Amino acid sequence: MPLPEEFREIAGRVNNWGRWGADDEIGTLNLITDGVVREAASCVRTGRRIPLALPLRRGGVQTGLIPGRVDPLHVMTQINREVFGPGTVACSDDAVTMGLQAATHWDALAHVSHSGLLYNGRPAGTVTAHDGAGFGGIGTVRHLVSRGVLLDVARVRGVDRLDGGRAVTPEDLDAAEELAGTRVRAGDVALVRTGQIRVLLGGDREGYAYPSPGLSLRTPRWFHARDVAAVASDTLAFEVFPPEVAGLWLPVHALHLVEMGLLQGQNWNLEELSTACGETGRYTFLLSATPEPFTGATGSPVAPVALL
Amino acid sequence: MPLPEEFREIAGRVNNWGRWGADDEIGTLNLITDGVVREAASCVRTGRRIPLALPLRRGGVQTGLIPGRVDPLHVMTQINREVFGPGTVACSDDAVTMGLQAATHWDALAHVSHSGLLYNGRPAGTVTAHDGAGFGGIGTVRHLVSRGVLLDVARVRGVDRLDGGRAVTPEDLDAAEELAGTRVRAGDVALVRTGQIRVLLGGDREGYAYPSPGLSLRTPRWFHARDVAAVASDTLAFEVFPPEVAGLWLPVHALHLVEMGLLQGQNWNLEELSTACGETGRYTFLLSATPEPFTGATGSPVAPVALL
Amino acid sequence: MPLPEEFREIAGRVNNWGRWGADDEIGTLNLITDGVVREAASCVRTGRRIPLALPLRRGGVQTGLIPGRVDPLHVMTQINREVFGPGTVACSDDAVTMGLQAATHWDALAHVSHSGLLYNGRPAGTVTAHDGAGFGGIGTVRHLVSRGVLLDVARVRGVDRLDGGRAVTPEDLDAAEELAGTRVRAGDVALVRTGQIRVLLGGDREGYAYPSPGLSLRTPRWFHARDVAAVASDTLAFEVFPPEVAGLWLPVHALHLVEMGLLQGQNWNLEELSTACGETGRYTFLLSATPEPFTGATGSPVAPVALL
Amino acid sequence: MPLPEEFREIAGRVNNWGRWGADDEIGTLNLITDGVVREAASCVRTGRRIPLALPLRRGGVQTGLIPGRVDPLHVMTQINREVFGPGTVACSDDAVTMGLQAATHWDALAHVSHSGLLYNGRPAGTVTAHDGAGFGGIGTVRHLVSRGVLLDVARVRGVDRLDGGRAVTPEDLDAAEELAGTRVRAGDVALVRTGQIRVLLGGDREGYAYPSPGLSLRTPRWFHARDVAAVASDTLAFEVFPPEVAGLWLPVHALHLVEMGLLQGQNWNLEELSTACGETGRYTFLLSATPEPFTGATGSPVAPVALL
């Protein structure tokens, strides 16, 4: 089944292919200029730092539904081993096996393709078992630091969390932007809070996964108009689930990652940040959220920190 | 063989046990106050961002000498899979197995014990196969952002890299501090450049590992006097290898991690940063280097970024 | 809480420490002599081969209850890669991460200790994070082929499967032995069928795990009297769960692995074998069940085959 | 570059597609009938068992040349953990990450394709990152027990091991068959000894890998004429390396796995078996070599045992 006309129409409007050259692999991250970073640094007023990552551990986010996207299996490879003989200094070492998108993470542009193509019109076949993503992998992102803006949709709609299946609309984003008291600008990273992660923090992994509030098919045009550099949210699927249009699965993924070349973040814990922003009335900050530089990976865990 | 008197004497002078309470698990990171972070943010002048991590990939840093500290094995778990049926959006997913200290990383305080004890006098037995580090694990570090200072010892000594086996002394640090034109302050993160990573970048893993320049047994007192929050360097072993005192292996590890509660970073690529600082004459910056929050881990990969 | 007198009393009766020398690491497997194997070979009448292993795959046996005992995560590391250039022969390769006791497996003698000791009185501390089991690891078992005897308790009790929590008693084993029409002999491998694995095959992992029928605390004396070389069964926990004596957990494990030095097999699928034996009235066969020779491992997957 | 005419000509002669039906996934293993197994059992004369697997451990066979084909990384996930409280029975558990073809293993039929096709003419595209081998995976092999015949080419040629680069020819196989004093029959598993594994056992992994003696391009016709069920050898690459015809890489793999549907075994340690057969003058035995049933895998570790 080909993607419907509705999708094609939006895709045509938000497409960024070629905008930063035919060889570009980082898309809207190009919008984070030195000037944007200087502005971002000026958002640091109190020096308070708020971490946005979930702990990486067994018994994390995953329910087993997506094969291979496994919660971290952390193992010790040595424990207090006196490497150089009895009585010497002792070392402990460890290793991990995990799905790169198991917890708080960024999707690389190569994470999704449609109609056989990745961002910038590259063939989907550049992703291989042997080399991973030959184009648009997360390792091409050298740094990701910019101004962050919390778009606190749950707060502006007066709820702890949006209902499962509730689409976050452009109108919601307008309202949250108004609450934030700032205009979202080119190069900003937008953090969209639905409150859904409270379900996970309350211990209900299944309920967290589905049904879930999330971004509407109509929001990519909003982000494109603002020229944001990246968008992250506090849900598993990022976009609303079940989807708005029957049979049209993951349209926001396809629009962001393939058409726009815009990085998406999932499973970000925005609760402490929401409280802090609510208290101060300031919703902008320096956001430091560089992914781990896995060569050829289609995603990466990230430990984002907001500096207020 | 018990640790020698020389070690005991230094340990007594730099010990921080109890300084931040009996339950403290993060040691000198307590020195990064909101004020320090505000100062750090003011170091951002141009907005330039310099990444300090090595790529995470097969064929990385490890030679196989340390069992279990394996280079990342990155694997695809799905490739352009049309999850919801033919013609739908296609997803690629991946997973990784790796030693947590395989590449650019932080040692957690729990990484090393001596005489049966960890930092703050906790028993080494709190590290177990089942739970990992029950005390002083990397997951207790919620954020690590501060002022960074590059102590460019190779540059100040007029070489591309210090020779293998050359100890970096307090006098070297004094000279590098003078070159930096700033006094290292409480809460700063010191980045000590030896140039040794050029050997690795040139393709010689074995030569990178050994022999290596690195910190002298005498430097922990220097860092303690300045009250730095953490120290990272561009070598595999962090301290000079082979060691300065016959039979006294890893004394700097033991002094930093156990006695002082000071995080150590290894395999940081400081080459691009050195060039930038050399050009501008400014050696201070905002350093964002939060580890991935692995619960109970004795180390974590990190993707540090310097904002100049 | 020390182990109760009831346990100590049985332990004293079945203990095999020193029986095969102070350095012995394979316990009752010593009972499989060349003569036993010749007898076993003579059991092959029809040439029919029946596999007893569950498939190794995602979505296998594990529920996540035992951290680290993860179902196989099978990943492709290359797919139809023309390694030597376009048009050449193409190769596919793969890798796996799994708990060694995740599916059909043998427990090594080192799997369990009590009172600080392993089989043959060795200290439990010989198991380390760095080297695994320094004594009694599965890698010390070079081969495991013998006469197998199916003790079909479910069949002799007239049920498809024994109820959850039903202990298999010496009297059950007597009855099953009578049904088998043979006396269990020194060096035999006893396969005890409860039918419990039908719950798993029916799709109910949780119900398979608990509550479960399994061997009673009283059966080690029966196996000791017969001098069997090993025992395997078709349940997750091997012994009855919940246990017969309040607070006395895993007594059969401790008696078999520590006191007797007797290997245990779990999650063996005995259904097809049961049908075949029921049809022919012959319950003995050549059993080939050599574990994978993981050095220092406390268990290993096994693909047992019965030759009838 | 298309495969040369020489290859095509042999392929036409040995092709077994359709021989066991269009849906067959196990190829020549169909030749192991119940009658063959009865005959195999009659080869057990002394009851002696000889293991043919290398230990599974760090520091095994792999040199790092084939990415992803990693030596076993064995880790403890719990060590003497008193799961049910202090004083209770203590358990140790472990897990492993490894390339399925890292050590002593079977190649599944799906391991190799050429010209876009697998065995039985199935499309190579049935191998996917998500599901692994959808056709001809190792999990379709339910058991592998048959008569084994040692073809001791090194012995019959009067050397400890054949030189690196020396092709094993049909004439060598004839001579070894004569030494064995038996005619290789339909359903037999042929074990071809070159002695090359002595290089590995002597500690030289690189020298073991390359150059290597191995099967000539001309031997598949010999195995086809005998209708063997499978062939295993004591080298890394199975076939001679470097190859006999410039630019024709892995022709034996393609003929065996794709054209004939014949399983190949690599890295089998045939040294102890060679000694035993040399002493007794008997080169036939019951061979038990069932792979681990990994669903969708293109290979599997195996712990083969010869019963003499």
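Odds and ends about this structure:
Per-chain residue numbering starts at 1, and chain names A, B, C and D are given in the order in which the chains are listed.
Operating definition for what follows: a contact is a pair of C-beta atoms (placed from the backbone, for glycine too) under 8 Å apart; a residue touches a chain by one contact, two chains touch by 3 or more.
Quantities reported herein were computed from a predicted structural model and do not represent experimental measurements.
Touching chain A and chain C together: B, D. Fitting chain C to chain D on CA positions gives a rotation angle of 180°, reported to the nearest 5. At the interface between chain A and chain B, over half of the residue numbers appear on both sides, which makes the contact a same-residue one. Between the CA-based centres of chain A and chain B the separation comes to 27 Å, rounded to the whole angstrom. Spacing of chain B relative to chain C, judged by their CA centroids, is 45 angstrom.
Shared contact sites, meaning residues of chain A that touch two or more other chains, fall at 67-68, 70, 73, 75-79, 92, 95, 97, 128-130. Interchain contacts join each chain to each other chain, per the touch definition above.
Residues of chain D that touch chain C in their complex: 1-3, 33-38, 41-42, 44-51, 53-57, 66-70, 72, 74-80, 83-101, 110-114, 124-125, 127-129, 132-133, 139, 142-143, 145, 249-251, 253-254, 286, 288, 290-299, 301, 303, 305, 307.
Of all residues in chain A, those touching chain D in their complex are 67-68, 73, 75-77, 79, 95, 97, 129-130.
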